[in-house]
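The following pair of complexes shares a single chain, chain A, combined with chain B in the former and chain C in the latter.
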Partner chain A sequence: MAAAPSRPFDYLESLPGTVFFKLYQQPSTALAIFRRMLPDLAKCFVMALLYLKDPIPAVDLEIWVKSESLKERDSALSILGRLHILSNTTTADNVRAYMVTNPFAASLRQALTGAEQTQSFGVLSRTSDEGSTSIGSLDEYARRQWEGVLGYMVGTSGLGIQRDANLSKGVKQLLQAGHLVEIRDRRVEITQDGFAFVLQDVGTQVWHILILYVESAEAIGMDSVEVLSFIFLLSSLELGKSYEKRHLTSNQLRTLTDLADFGIVYQSSPEAGQFYPTRLATTLTSDSSALSNPISGTLSGPGGGSNQPGSGFIIIETNYRLYAYTSSPLQISLIALFTTLKYRFPNLVTGKITRQSIRRAIEMGITADQIISYLATHAHPQMRKHNVSRSTSNQTGIPPSVLPPTVVDQIRLWQLERDRVKATAGFLFKDFVSLAEYEAPCRYAEEIGVLIWKSDRKRMFFVTRHEQVAAFLRNRK
Partner chain B sequence: MPRAVRGVLIECDPSVKAIILKYDEERHDYIVEDLDDDRHLVIKESQLQNLKLRLGRELDEKVMQPEESESE
Partner chain C sequence: MNAVDATEHYETSAHDPAPSLLTVILDTNPHAWALLEQTSRSPLPFSTALANILVFLNAHLACNYANEVAVVASHSHKAAWLYPTASPSARPDPDGDVSMTADGSINGQKDAGRQVNKYRPFRIVEEQVTSNVRQLMDLTSRTDMDNNSSTMMAGALTLALSHINRRTIAWADAHGGGDTSSVSRSGGPDTSTTSLLTRRSTTTAANDGTAEGLQSRILIISVSSATGSAHQYIPLMNGIFACQRLRIPIDVCKLSGDAVFLQQASDATKGIYMSLSEPRGLLQYLMMAFLPDQRSRKHLVLPTRVDVDFRAACFCHRRVVDVGFVCSICLSIFCEPPENGDCLTCGTHLDMGDYGAKPALVARKKKKKKVRANGTGASATPTPTPTPGP
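Moving on, here comes the complex of A and B:
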């Protein structure tokens, strides 16, 4: 899973080099980037070069990799370059060479071998005043807060279900600033981005939120680099241990309080002398994250019930009836977004997917594909089993779906009903005198990939961008 | 002398195109260019939202929907 194209990676990549320079001053950041963001081959390169004093000629490094793995090598080198870890230099006799850049190399060496007293990995608290908090209760806290955030987004309160996590104003503002929810008529409404968000696994969600937080940090007068490196620090802490707050700067303390609202860290009160990272923080930069951890187990599965990862709970019949074996308010309100719910039992809700319910969802900006992927991810094991026997009759190259094909098709058709016209903004070129005059720019537009529509008979064509085509026409005069 | 005109290319069913043509007859304020096949035309960018709304409303009224039985 390491270094799969991910949101944190995309975000980091977009930062300027000077930010990296500041980030890599911290050993915890260097280590976090090293273990989470790099593919295995890139890790090999970094480890091999880490203690070299002089640049290594590019040819020497390149022969380490067999010729059939050139693709992996290039992608590893490109990732290292984009994260400003490896730099292209030249050796003394002017040969192209690689070198691990400096703040990163020094920090990673320090992280690996230790150094004199640093606070980069947090300072363990020695005094346990309130009797240490157990891992179980930290998980419970993290789960409650995070489910509260998701619940707020999908509007569990609208169903008349009590909420036990109290969300601060900052959390709500952040969700709004990230366009995950919108406030319409003083009611919270989930956006299309928000719907995609709640369907992701917990690890991805946490990163998404953290990046939003970092991006908004500047606006409330904090240094985004400081916040980001603090997040990397948190990710390297140990679950179940408490850490001193004395050594933190005022901005870091502020971040800490904000992150406590999300359940990423726990402190018994904002004035407490120490804090605990929860599993949401400690799994941020480790590979052993999402699936196997109990938080996402209870979040994505039926609440509290079976903790088995990936066990679905939704059954859909070909007559559009839906049965969901869950008692989680969050899941129920997610399902309610696109289903007309009918009955609720202690461990089961039933409903029907109707034209109205799908249209309602689509009007909110949810797409048919998002609904289908949600249903498919959470399909009950019985549906999967049932489907294995049928999937041999696989028609027209469509991959066998766990969902009844009629339902999937109908959801798509209901969406199409809403979009009867396909609109593309752009420019219409017309009034060409001769066919020859028309043909050349038309072909050019097609080549550069801006052509949408053309008619040879009317000598007109439609493009999304006109600058290049216009320049082309001018040059031919 | 070739010209470029800004607009929005609409791709739709012939039936929907007929409706748009009908709208345009009222005040000629939608269409930039009728592209003479059954499925395409270019309209003014400013009218796109308006058109979508109007189409949605009209089609909801006119298109027959099978009765949805709420019985279980």
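Moving on, here comes the complex of A and C:
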């Protein structure tokens, strides 16, 4: 897929090492990356090594992990290596050792202890105009702006929805540049990527947009590193507080104005002296359990009045009938992407998920997983409740699914009907001299999770990333 | 084709791991800290220790957006909250509960401009903890100090447990398991018991590690000597067993000496017990051994202890005993036979038989069976323990 990487991790990984060096100068960036991008075990490694003066011998670190968790250990180490957080060095007596790389270690220590006046975590505004902007109104603003963006994209799918007029030119250009929409004969048409985009959860969408923004920042003469670290700074701010704009650079101010169009930050006017981060910004580096926070609740919910955490509106029965308690044109058109709608009432739409409707969606580029996760995110509380009571009765250890399993399976099967061949870009290792020489790197590739295919008879294997396997082979020689 | 991307492989599930709640019980007995500073080979002043602990708390908060901390001081005469604390403006609700918010009043506007280089949640924790410690020390009078050199560990443990229980329920209500609250709200009084039962089952399942829920653990940083805590044996053990039942590990970081009951606490709850040989390296110990949460611990080789001191304290004089007397009805432990043979706990009259009498010499039988001369319970049937031949 030629589209922009959907996950922030993929994007970060593709950056060159020098960019990391610049990024890690900011404590807020180091903290955000530490918190969001690393698996649990990697966090333990970093924290254990953070306050050590000397590099720790690799053997010592490796025996710290239980032998049955080798896979987790290697994947943690590989992620740390790819993000340039952990580096391989040697101790004084030439033993292979690990240490936390320097700008990252210094910044993370600074984030934890707070050493110098770097203003890396924003400056709280001292003027107390608390009455003007409450958390509720920030949520409302973020919801309105973000729904406007989504509405702009979906609005052209022929359902006759009024397009939101207050979108700025920059937003539209960004959506075009990211191939989420295309302009044909002065009409906006959503692309396959766009369809996939609108069905994702809000957090993923925001990251997607932000990465598009960072990529396009170079084109309009801004330093992408500066923009990226500003985004990480935003994510560490606190909701409901206003922050000073005086300390920001001109590029950061420009970014701020652009992000305000998406509802990620709020400023009463471009000339105002302070800005407010909205929930879209402050949950950037949080986990996805924050999905059940008011913003996605209001974003997906019917009117915006439902502030209950985790409120949804979709009910699916085992007979594939779907009831959605919503009157939002955006949500209705999203549901219509993969459902055959039957009736529409003032606050309710009903329809049926059929083989044709799913196939139609998949032909547009939507995947079964996207549909399922959309349905699960927006499931009605009644469905969750029903499910929790059922799952407590049989303790099988399988995570309870909110949706009826038969529907989920069938949607997957309908997708598989089309997917018979799967293409993966990667690297083939072949021509090993002996079986032993073949086996070790093959097992290593499997452990770090890059192995896709192998053939013991032909002594070949296929991986998605070759750097670490190559390094492994070099180390053996 | 993102499905076969390698990054998928690293994400174990679609949902991110549940946050964890770390409750630190800090022993703030001034006697013990003074002793540690004077006698120890490598002195660790309280202020340095507190600074190290604050960095450790920040590190825990940094691990996950939704992670929470709580700090309880186990002082010489009382247990007190250091974080979170009740804001002075908060009014008790009808039950008499005071809402404890993380956003105290001390971090007002006045210092907002000064410390801008710190992540705000970190700053709030630090300011509250330091100011509360100062307040606690100011309120400690001479008489409080003279009375005892022990620490209110049992009270602190109970405070920590109730906070964990409260946060677990609140978290379950907010995330998915919101059904229990709705049942108890909508249903009559008769349904409330069932909802309590389900809630208990969900909390126990939540700490299981497999099911997702708020992961709670307790870290006790202890400096007081072992003998001090013997008089709180019963409440302390009750707290420990509650933790064991709720699957909350109790980690113990002992800065000086060894504590009998804390060893048992970490052993019973599968926590970590470490007695620091070099207290000045406190931060590194904390970061390496105590920071990993339950999920990470599954993958790590943990510092273990084989020689756990399983001695108990007697119920009559609070002495730590190796061998004692146990009431056959209520299992209370005594260091010496109670007066008149009446159990001090349940009041049952215990027949001591001819305890203390010299063992009568009994001629050996052919099969060389030993006969126990001083059986404790005379009314009891002779215990048919098969004694192996010599």
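Heads up, the rule we're going with is that the second predicted complex is superposed on the first by the 290 of 477 C-alpha atoms of A that agree within 3 Å, B and C clash if a C-alpha of one lies under 4 Å from a C-alpha of the other, contacts with A are read in each partner's own complex, and residues count from 1 in each chain.
Definition applied: contacts are C-beta pairs under 8 Å (C-beta built on N, C-alpha and C of every residue); 3 or more make two chains touch, one makes a residue touch a chain.
Quick caveat: nothing in here was measured; it's all calculated off a predicted structure.
Enquirer: For A:460 in the superposed arrangement: first (chain B), second (chain C), both or neither?
Expert: First partner only.
Enquirer: Looking at the overlay, what does A:452 touch: chain B (first), chain C (second), both, or neither?
Expert: In the superposition, A:452 contacts both chain B and chain C.
Enquirer: Once the shared chain is lined up, is A:113 touching chain B (first), chain C (second), both, or neither of them?
Expert: So A:113 only meets chain C here.
Enquirer: Tell me the contact category for A:34 with respect to chain B and chain C: first, second, both or neither.
Expert: Second partner only, chain C.
Enquirer: Tell me which touches more residues of chain A here: chain C or chain B.
Expert: Counting contacted residues of chain A, the larger count belongs to C.
Enquirer: Mind working out whether A:187 is in touch with chain B, chain C, both or neither, as first, second, both or neither?
Expert: neither
Enquirer: If you stack the two complexes on chain A, which partner ends up touching A:423: first (chain B), second (chain C), both, or neither?
Expert: Both partners, chain B and chain C.
Enquirer: Scan A:433 for contacts with chain B and chain C and give back first, second, both or neither.
Expert: A:433 contacts chain B only, not chain C.
Enquirer: Once the structures are superposed on A, label A:356 by its partner contacts, choosing first (chain B), second (chain C), both or neither.
Expert: first
Enquirer: Just chain B (first), just chain C (second), both, or neither: which does A:69 touch?
Expert: Only chain C is touched by A:69; chain B is not.
Enquirer: Which chain A residues are contacted by chain C in one complex and by chain B in the other?
Expert: 422-424, 452.
Enquirer: Show me the residue ranges of chain A that touch chain C in the complex, using the header's touch definition.
Expert: 1, 6-7, 9-10, 27-28, 31, 34-36, 39-41, 43-44, 47-48, 50-52, 63-66, 69, 72-73, 75, 79, 108, 110-124, 126, 128, 236-238, 283, 285-290, 292, 309-310, 367, 369, 373, 381, 384-385, 388-389, 392, 395, 397, 399, 422-424, 449-450, 452, 464-465
Enquirer: Which residues of chain C touch chain A in their complex?
Expert: Per the stated touch rule, the residues are 1-7, 9-10, 13-19, 55, 58-59, 62-66, 109, 112-113, 115-123, 174-179, 182, 198, 201-202, 205, 210, 212, 283-284, 287-288, 291-293, 295-296, 298-301.
Enquirer: So in the complex, the part of chain A that touches chain B is made up of which residues?
Expert: Residue list for chain A touching chain B: 321, 342, 354-356, 418, 420-433, 437-438, 441, 452-453, 455, 457-458, 460, 462, 466, 469-470, 473.
Enquirer: Touching residues of chain B toward chain A in the complex: what are they?
Expert: For chain B paired with chain A, touching residues are 1-13, 16, 32-33, 35-37, 40, 42, 45, 48, 51-52, 55-56, 59, 65, 68, 72.
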